[in-house]
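Below: one structure in structure tokens.
As written, the chain order gives the labels A, B, C, D and E, with residue 1 at the start of each chain.
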Amino acid sequence: MEGGGLARQNTLYIVLAALVIIIVLAGAYFLLAGRGGEMQEETTPAEATPTAGEAAPKEEAKVIEINVGLLVDETGPTSDVGKGYARGAEAAFKYFNEKGIYTKDGVRVKINYIKRDYAYNPTLAEEFYREFRDRYNVIAVVGWGTADTEKLSDQVARDKVVYISASYSAKLVVKPYNFFPAPDYSTQACSGLQWLATEYGAGKIALAYDHKVAYSRSPISAIKEAAKALGMEVVGDFDLPLRATEADAERIAREMKAADPDYVWCGNTISSCSLLARAMAKVGLDAVLLSNVWGFDERSPNLVGEEAYGMVAGISPFLYPMFASGVEAYNVIYEAASMAGVPKEEVTLRFVQGFLNVWLLVKAIEEVTSQDLLERKGEALKEVLESRTFDFGGITAAPLRFQEGWHVPYKTVFIVFLAEDGSLQLKGKFTAPEAIDCAKVTIEGG
Amino acid sequence: MYYTLNPPATNFNEHLINPNWVHLVPHPQPSMEEAKVDMVWDKSSLYKRVWGMGERILWAEGLHLSFGGVRALDGVSIVIRKGELVGLIGPNGAGKTSLLNVISGIYRPERGRVYFKGKDITGMPPHERVKLGIARTFQHGEMFHGMTVLEAIMLRLHPWHRGSIIEAALWGFRAKRWEVEARERAEHIIDLLELQEYRHRPVGSLPPGIQKKVDLAAALVQDPEVILMDEPMAGLSREEKEDIIRAIIEVRETRGTTMVLVEHDLEVVSDICDRVIVMDRGRVIFDGHPEDAVRDEAVITAYIGG
Amino acid sequence: MALEAVDVETWSNLIFQGVLLGILYSLIAMGYNLVYRANKSINFAVPQVVLLAAYTALITATATGRLEVALASAIIVSVAVSMAIERGVARPLLGRPPIALIGATLGVFYALKGVVLVVGGSEVAVLPLDIDYYRLGALTVATNDLISLLGAIPVLAGVVLLHRKTSFGAAMRAVAEDAEGAAAYGLPVRRLMLAGWALAGLVGGLGSILLAVKTQVSPDLEYYAIRALAASLIAGLDSLGGVLLGGIVLGLAEQLASKFLDPYLPGIGSDIAFLLLLLILFVKPYGFFGSERIERV
Amino acid sequence: MPPMLTVSNAEIMYHPYILVIKNLSLAVEKGTITCILGPNGAGKSTTLKAISGVIKYERGKVTRGSISFEGEDITNREPDDIAKRGVIYVMEGRRIFKELTVKENIDAVAYTTGAGPDEVKAVLDYFPRLRERFSERAGNLSGGEQQMLAIALALLHKPKLLMLDEPSLGLAPKVVSQLYSTIVELHRNEGITILLAEQNARKALEISDYGYVMENGRIVTEGPADVLREDKDIREFYLGMGKARAGYKSVKWYRRKKRWV
Amino acid sequence: MPAGVFKETYEGDMAFIRYPIHKAALVLAVIAGLSAPLLLDTYYLNLAITALIFWVAVIGLNITVGLAGQISLAQAALMGVGAYTVAFAALKLGVNVVLALPLAGITAMIIGLVLSLPSFKLKEYYLAMASLAAQLLLEYAFSRIDPDQYTPIPPEAKRLASIDLNEPEALYYFTFIVAALMALAAGNIARSSYGRAMKAVRDNDVAASIVGVNVPLTKAIAFGIGGFYAGIAGGLYAIYSVGIGWEAFTLVNSIELLGMVLIGGPGRVVWGSLLGVLVLRTGWTLLESNLVPILAAMGFSAFASAIKYIVLGTLITVVIILEPEGLIAVLRRVKEYFRLWPYSY
């Protein structure tokens, strides 16, 4: 056979084959490079190995490097909030590296963070975690959601890697290596109920959450207990899907209206919670909608629409940036943001959440000695985290105090209310009722 | 009915006949009823000597079939006798292929029944009919374009495959032996139809004439009692037609296979068939001797034209 | 919840919302079916095109503050992407088995997902539109619902009429039936196919905007588009008029299932589409209005 | 005056490797009926598809040589462009749109030709049967009627060169005769040049002025139709006359294979 | 003395290993496979384990899709069935995970057989949609049986006698042996009479039934085997993973698996599947670990994650358009080219 067509086809195949070969070679190269890096670590302890402390005399310029994994969701189902979180965490790493992190004995620590986008896919999360652990020997991971945190909680305990994440699930408070700078979801919800009781008095409360999703379901048993303690009546559990349609929301609002609640709890994320608020306004259900930390933020006034102004509120363990004027500690966040090129108006609650998780890690590192950091790694960090009080100068609703085996650092939240005029108002701090331990109820109940 | 075991009819190509594959051919003693409707044309003494007048082996009664209001078959009844080579002709859309499809079992007739060797096979799935001994070739050559010639031929032995899928996965003794046996049988047919050079070529890459030959070879490897050929020579050159005809005659002589041949080419049909059935618009309009067909009034109006 | 406990108001709202949602489903389903008619292929990339259109609308609406600009830009993007897929993927694959088209459009689905992430990220937002509520007896009707009712049905009817009654439609149907034969008769096959895809993009883009208004602009819109595929199959892939019914059946089924099955199977509402689809495919393999294929050899 | 259509040294390939036609040259003079004879798979249809551009839809193309029509190069152009120039190809197997009615079939083609009611009427005058079955689904027409519809659709273009691919395939001999007389009538009345690909050599040579014989992708013989009719080999192999008429029953294994040329 | 390799028996001509070069390649592959733990560190070993696991799943899908032509978008869900079976057996019944593995295969096979029911009636897009519906319904079922979206597999369950599958090396060998056996079995099925029957069904199922293939049975077998392989892969995944959640078995995963089949080489059951996994999964992971940070450092941080989708999606589409037989056909053509080099043919 002959002809130009054939020759062109062959060229095409060769180009394709060359691509494959390049990919294979690149893979092989990285494979070898990876191994090379590891061997280097073994032979030159000055970098990041346990023997650094004794081997080298203390110098001014001496810097020890540690690796920290950063698992984020920038492309998955939770990425609308995951992106802000990732930016905050990255900004924090850059900022503190720049500013200098010093261990208790004055050795400067440089944190190499390895960022991976796992798109809220737990399989990928595990794969990336294994990469963090086996390839980079991380001492800590700044994680993200329930999917990765719960899945890895037992494994990080076995590997002694500190895992700080934004999943405030009550189940995690008993896991030895899992930390978060906030009360668990149940305690947060209980504190929110306390606000309702304080502000409006006892009444009827309807619960809307996705019955299928563990995250939405988790605080429900605690809420019911707390409602009982506060003299409230729970008038129904309504199944509001995380991916609700307007029709779903409207149907549920109608069903709720029949039960005539004074308060509504929304345990989902912002998309379905704001749809519910809209639908409540549409069907004329006059009740206060209280959403959890992921169901309400700066975007809410826009998302719920004017009709729902004056009836929606949200819980947050952290002070919204918009209320930060006069809070000294916030300057750190703004400074870091400007260093990372993030304009001030893009410093959102999610940004702060990411920032604080890293900040907590940094604070812990600052409390250990360099030798501990290099030798006992995560274990040392855990001990420090469980034995100190960490104060973020008013950004968190209270200073943090973790106890061994019980990682609920405080029980107070801020309540933010969407006023009639569409502005967000800080209603103040509220603490969960003393009478019950909401986290415990959740763990024991589920 | 009396059956005798049929010895190989001719001595050449004897290797083609596996002693294990027993042919039942009728005793050349027709019953009274058969003799009355005898339509076998003893145009050559050879056929008569070997096969005589057959008893009916495959017959259909009152088949009706329609697609979305279009009558494909409108009360078709046919009888095929043992050892016959029947030509089935008619203009396009006359229902020839539909009839074949009903006999093969891919269409279920709305009314009417199909019998094979006295057994009602109307509702039987197609693959079981193959096991009974009805093979079929396709109008458009071999249908399995992605397979090699060898695979396409060996495929046709699948209905007789006994081993389980687990054995196949483990390539166990039975599976292996089966493969070797199947290969041997395939090679015989490849020899017969001179397909050696194409053995490992994908069927789709072969010229249409060869594809038709492969298809015929594949049908023959099943060693059928009745073989239904759907336009095996359509669009072939005379040379290729001769190849196919040679194979058809060869197989008839050596195995006594009953054949139904759907064709357009009246010339071929009248030359080699014992009997022709002419169809038009879903009906049988003529059934009889080929030489009578060209003189028949109905056939002339519908088909040959004035 | 027991049946007797459901009053007229609830019923009428359930049905109303189901029908509204169904109309939106049928708009997107129409997009699938137009492509199927043009090319005998399903465009599995539609969910991402819908997302892309919605985010485009969000961006332009935020920038200009004008809804008509948003609508126009979204439809332009949807049409353009549809045409690009036809040009770049469907056309080179003409004559290849369905698995190739399924795989290739799934590849496009994947790639467009990336593009959507670059363009719109995964923001959750609402389109800036003043929505008023009108109370009609037991029903509460929003502005956008009115637009859906008054806008979508004429569009659907228009597409059907275009196909049935005009010579352009006859040409498109001719191409759908036999592209090669149509080419031999000098029909501009490629342009007609492209037109089919463009029309699909247009209808899909409109559906996408109306959906985005009805719910929110969020990555979840892709699931609506996947469920619309179920509506398309319930109607039959090659039926155009049937999609309205397919969509409404689906919308109603979702509402009723959420209402009555949820206590037993939480969250079944969003999956009922597929249960329904499986059942219907067993009973009527080519949908309610699809034409059955006759197997030939 | 140069021929109306010339194909010079064309090489035609199907994607990606299958070479079907090698070094094919043919010419069609204006105002004649030219036929291409040969068995299936000889490359007749491929040649016509290449001329009309339809081959693109089968992933094929002309890789070498050129095709020109009325002095203009039309190699590898889009089929609709070629159709606009007046080259219309009626495909093998009566490729009409079976799901559409006769009217819609005509509408569809009229969409691109812009043929008005008068033109449609003029075309239908040749095929009164079609008028009777105007709103029938084309799939329900008989084979002959379908073939007529196919030709009618082509006529809507007012073709200069009409290429017919196996118009007699699968039709009853009676219908074939009718069809051929219609073709001759069209040729005479409308002055349409016709290129005919046929297996039915006897019929084709009856009406042709010039003939080509193809086998295995090449032209093996060509000449004026009356010369071809007298050719010994053609008579034997295509017209079924001569000694081969002795019939197929005498086919034997030992018969030596004889190839064309 | 014959010049070249000639086979004198059909058995020899049909054997797996026909030429010395095959034998050498296979021996090399086995040696490489077995010595991998000595050469690779834990990270790469884990990558190899996941590649092997997905290889098994893709082989199964390749039998269903590539060999038998039955489009399935539910392979990930079937993996999930296997994974949950192992988890259930380990947690509720106290069965050791290794022993639960065949059970996982069988459970998934049964579900696969159920999934084959639509294929008796449906084809092409309709079948694809039926399997898509099945995938989503199975996802729903998982969300019901695993309401916490997370089921940990305790390390204690992963020990059998002296084998501790918590050790990456032990797990690697275990996975390697399982995957190699599964691949061998798949190769045998592909060249057996069943393989031919499946190919016939793929090419033209009506014609297949006419030539005597029991088409429904063959489709059922294809789905059953596909399910069995998916189940084993899911079971292996459950053993490998610290715990399972149904988010790991979603539609997107099914699409990825189908992409691996189509990219690698549909119908090329063993090596095509491996190539698909290596390119789409392992190759990508390596690329992502190394390339994405570089991109992020260059300031494309916002796009870094989106690139995965764009690159992989484009790759799938382009390969399908340019090379219907997948990348393995490209490799073969290149091999041919160099074999004949410097002559073009």
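By definition in this document, a residue touches a chain if its C-beta (ideal position, glycine included) is under 8 Å from a C-beta of that chain, and two chains touch if they have at least 3 such contacts.
Predicted, not measured: the structure shown is a model, and the values here were computed from it.
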Contact tally winner between C-E and A-C is C-E
Farthest chain from chain D by C-alpha centroid distance is chain A
Maximum distance between Cα centroids and chain C occurs for chain B
The distance between the C-alpha centres of chain A and chain C, rounded to whole Å, is 36
Per the C-alpha means, the centres of chain B and chain D lie apart by a whole-Å value of 33
Distance in whole angstrom between the CA centres of chain D and chain E is 50
Rounded to the nearest Å, the gap between Cα centres of chain C and chain D is 43
Residue ranges of chain B touching at least 2 other chains are 106, 138, 143
Flagged in chain C as touching 2+ other chains are 117, 121, 267, 295-297
Listed in rising order, the residues of chain B that touch chain E in the complex are 104-106, 125-127, 130-131, 135-136, 138, 143-147, 151, 154-159, 161, 163, 165, 168-171, 175-176, 178-180, 182-184, 187, 218-219, 222
Chain D partner, complex, touching residues on chain C are 94-95, 167-168, 170-171, 173-174, 177-191, 291
Per the touch rule above, chain C residues touching chain A in the complex are 1, 9-10, 13-14, 17-18, 20-21, 117, 121-126, 131, 133, 140, 142, 214-216, 218-220, 223-224, 251, 254-255, 258-259, 262, 266-267, 269-270
So, in the complex, the side of chain E touching chain A is made of residues 40-44, 46, 50, 143-144, 147-150, 152, 155, 237, 241-243, 245, 247-248, 252-253, 278-279, 282-283, 285-290, 292-293, 296, 301, 304-306, 308-309, 319, 322-323, 327, 330-331, 333-334, 337, 344-345
Chain C partner, complex, touching residues on chain D are 52-54, 56-59, 78-80, 82-84, 88-91, 95-100, 104-105, 107-113, 153-154, 157
